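Just dropping this structure here.
Letters are used for the chains, namely A, B and C, taken in the order the chains are written, and counting of residues starts over at 1 for each.
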Amino acid sequence: MADFTGNHILSVNQFDRDAIDKVFTVADSMAPYAKRQKRTEVLNGAILGNLFFEPSTRTRVSFGTAFNLLGGEVRETTGMDNSALAKGESLYDTARVLSGYSDIIAMRHPFAGSVAEFAEGSRVPVINGGDGANEHPTQALLDLFTIKRELEYHGQHIDGLHIAMIGDLRYGRTVHSLCKLLCLYKNIHFTLISPKELGMPQPIIDTVANAGHKLTITEQLEGNMDADICYQTRIQEERFPSQDEANKFRGKFRLNQDIYTKHFQSKTVIMHPLPRDSRMEANELDNDLNLNPKLAIFRQTDNGVLVRMALFALTLGVENLVSKYERDVIWHSNKSS
Amino acid sequence: MADFTGNHILSVNQFDRDAIDKVFTVADSMAPYAKRQKRTEVLNGAILGNLFFEPSTRTRVSFGTAFNLLGGEVRETTGMDNSALAKGESLYDTARVLSGYSDIIAMRHPFAGSVAEFAEGSRVPVINGGDGANEHPTQALLDLFTIKRELEYHGQHIDGLHIAMIGDLRYGRTVHSLCKLLCLYKNIHFTLISPKELGMPQPIIDTVANAGHKLTITEQLEGNMDADICYQTRIQEERFPSQDEANKFRGKFRLNQDIYTKHFQSKTVIMHPLPRDSRMEANELDNDLNLNPKLAIFRQTDNGVLVRMALFALTLGVENLVSKYERDVIWHSNKSS
Amino acid sequence: MADFTGNHILSVNQFDRDAIDKVFTVADSMAPYAKRQKRTEVLNGAILGNLFFEPSTRTRVSFGTAFNLLGGEVRETTGMDNSALAKGESLYDTARVLSGYSDIIAMRHPFAGSVAEFAEGSRVPVINGGDGANEHPTQALLDLFTIKRELEYHGQHIDGLHIAMIGDLRYGRTVHSLCKLLCLYKNIHFTLISPKELGMPQPIIDTVANAGHKLTITEQLEGNMDADICYQTRIQEERFPSQDEANKFRGKFRLNQDIYTKHFQSKTVIMHPLPRDSRMEANELDNDLNLNPKLAIFRQTDNGVLVRMALFALTLGVENLVSKYERDVIWHSNKSS
């Protein structure tokens, strides 16, 4: 992926380290616009087709916001009940039609492979916003971008990183993609902490091992780790054969301030793909961590806007023109400070 | 509330008379833009998060339109079924995430207190668009603004107003808020007309009485009143213990042209929070009033745009800059005349 | 309809040949903007109320895109479940309120006549986006515009056209409207191919015959036709009294490359109102036609944007000002080439 212009973004497998570096450089340059210190109209007149055949409020709004922040307009659709897809239209037809209405498409769909199939019919670039259990590349990129930014605080780089991944590593799409991306870097130490039933799939373990990275696999938090990043995930109770099984695991892979202090060092950054479930007695990420400055979960979602802005700018070939179409921001913004 | 900039608008209790005067002065200044005589781009690049976790077409569109008329963009969400809230995410988390995507948020939610709870997590100002049975401050403000504007036709002021409120005064959130706001003025005469079961709650009656205003409470329309305003409400039949009870009241608090002529003077302005139910035989506000020039119900909804524009401009600190970023309106508008 | 400015577009019956010529001339002039060769801001600040009380993704997005391409903003609503209409509000009230929020309205509604009823209450122009089995005038106009454009390739005009209509001609709203519009032209030859049960309604046959056009009515594809246009429709199986009846017809009115070659000439343009159903074994329009350059179905939907842009420009009186408010397109577009 030497040149992004006009191309689809469907999978993390498309990215080599050069491509990632490019995305992150552009994402960094988007900060003044996302913080409302400056306004750009580089995409004035461009239309994003924000097609969420599977609803997802935050991802949909994040894509739409990113496009607005570049000066573009958003047309969108949520759900599938009344769409032509539900009447038996092929993804090819839907893509041919809807790509006639926009300059670029962000798409989420419940079925694995559907976004790539759609992209074949599309006459404009398609960015995968999640296709079922398959891929959600912008989430993986924003996770990696967050890791890079958090480490930079300490003058550190991704090469040499120690990351602990906790919880449901079997079904958690985000940790799989993140592992793949991290394999593009050097000397990563992965500590994988999960119940045996929810362990990281073997193909991903093989990928990590074959790339020469260090792997520690364990069934629960133990001792004090020197992890730079603690990536927590949600254990979805519906994954278990019975509620009894689920209850057994509940609370074994949670994180709160006490557990954090016991098992991690004060430098360890806490991440999570969100949403976190606040209904359960034992949450995977307790609210008492909200005051911990290392809790990066909301910096992750903020970074998502930067990464999506970068992908839009690169795909539409305007990454070097953004500042040329600047305007002043007039209104008071809590974000500028 | 000396300065609106950067603050939430959650409750009518936040407003003193100075604050209201400020909102109404700005709202008046918005008329040329709402009438499409002029166009402003003062909020070019700003994003409204229009979050309607409880659907409400007209309120949602009114907020969105108001923001567009100031030059801003709108990202929105309707309903809660597929949102992270439904997956157990706390309002705090939702607020932290979604406030990262916008400059200001308008929010409706079915549960009382939810908008204030959300506001605590939000990093941008939040305007309450209705939180269940609790508050709907922009409706109260647009009602009061309409009263002010209608009275000005006759060179009259809100001080000294005689307002008749009819129908379901017990559950009607709008009349409660309106009473509170009117208490900030002098010498108001409230005539409250409702079935005993649907009377104004005692705390509000106390507030009105303690502020030294005149109160007349009656169970049905009687004689000819010198009311300046007749504020009609919808009697929601589901409030009654049985359909028989509902039928008993049906038609006893209706208004049509004959009843209007009998009980009111030709100066009396007719208001209603809308929607009015046109399915019943005996409507609370008959269609034969549509030709009555004192029927102000659609001026109310029009005024809602002005009031919401004012709140956005004040909260984002641009109320004095609106005319500086003017453009000409090019297209033909039925509204300009 | 000498002047479009400020008027509703409710029915194909409003259009005479002059009006159609005007729409098509303006639609042609919209191509550079739809192809992203140029950007116009002629409707900067104007708001479209895109009210889809009956959901229809492609029509809704097409209207919204058309308005964005002219520089305007879109506020929209999808479905009716939570709207005031569902609470018993009259269409008149809904129209009075919502027309206060926008400069022009595009509306779809499941009930015949509803859009015209709504238009009576509206204070801004209303464009019918489909009212049940009644009318969908923009579809008819885009179909006719497509016919015009396809014929122009060969230096041909609509006068003298031979069009074959296939499938469900009884319930297919689009073919009825198209027949009416074609009657405004000269020497049209209509070949109507359908099962007897699904034949063209007699009033439309009478209209065509009375206007002096040539009519051929048949129950299945026969021989090789010199049709310029083959307009295929979807046979909705739910129209049949039983599944057995439906199965009988299934496949008898389909089109694939072999059938096309047998019954049509290589000049014959294939049209369809979309969506086409790809689930059935025997589709009305097989995917093997996708490579046939005469398959115009996606050019139809593209043309829909041009026609809707034209109707917006005409209705808002800016059709001659579009190029005056031009800007350059900065981003890379697959559409420009």
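FYI, a contact is a pair of C-beta atoms (placed from the backbone, for glycine too) under 8 Å apart; a residue touches a chain by one contact, two chains touch by 3 or more.
No experiment lies behind these values; they were computed from the predicted model shown.
Undergrad: Give me the rotation angle that lays the C-alpha atoms of chain B onto its copy chain C, rounded to the nearest 5 degrees.
TA: Angle of the fitting rotation, chain B to chain C: 120 degrees.
Undergrad: Which is it for copies chain A and chain C: same residues on both faces, with over half shared, or different residues?
TA: Homomeric contact, different residues on each side for the most part.
Undergrad: Just give me the whole-number Å value for how far the CA centre of chain A lies from that of chain C.
TA: Taking the average C-alpha coordinate of chain A and of chain C, the gap between them is 40 Å.
Undergrad: For chain C, jot down the residues that touch at least 2 other chains.
TA: There are none in chain C.
Undergrad: In their complex, what parts of chain A are in touch with chain C?
TA: Contacts found on chain A: 5-6, 42-47, 49, 73, 75, 77, 81-84, 87-90, 92-94, 96-98, 100-103, 123-125, 316-318, 321, 325.
Undergrad: Across the complex, what residues on chain A touch chain B?
TA: 36, 39, 41, 55-58, 60-62, 64-65, 68-69, 71, 74, 79, 274-280, 287, 290, 298, 301-302, 305, 327, 329-335
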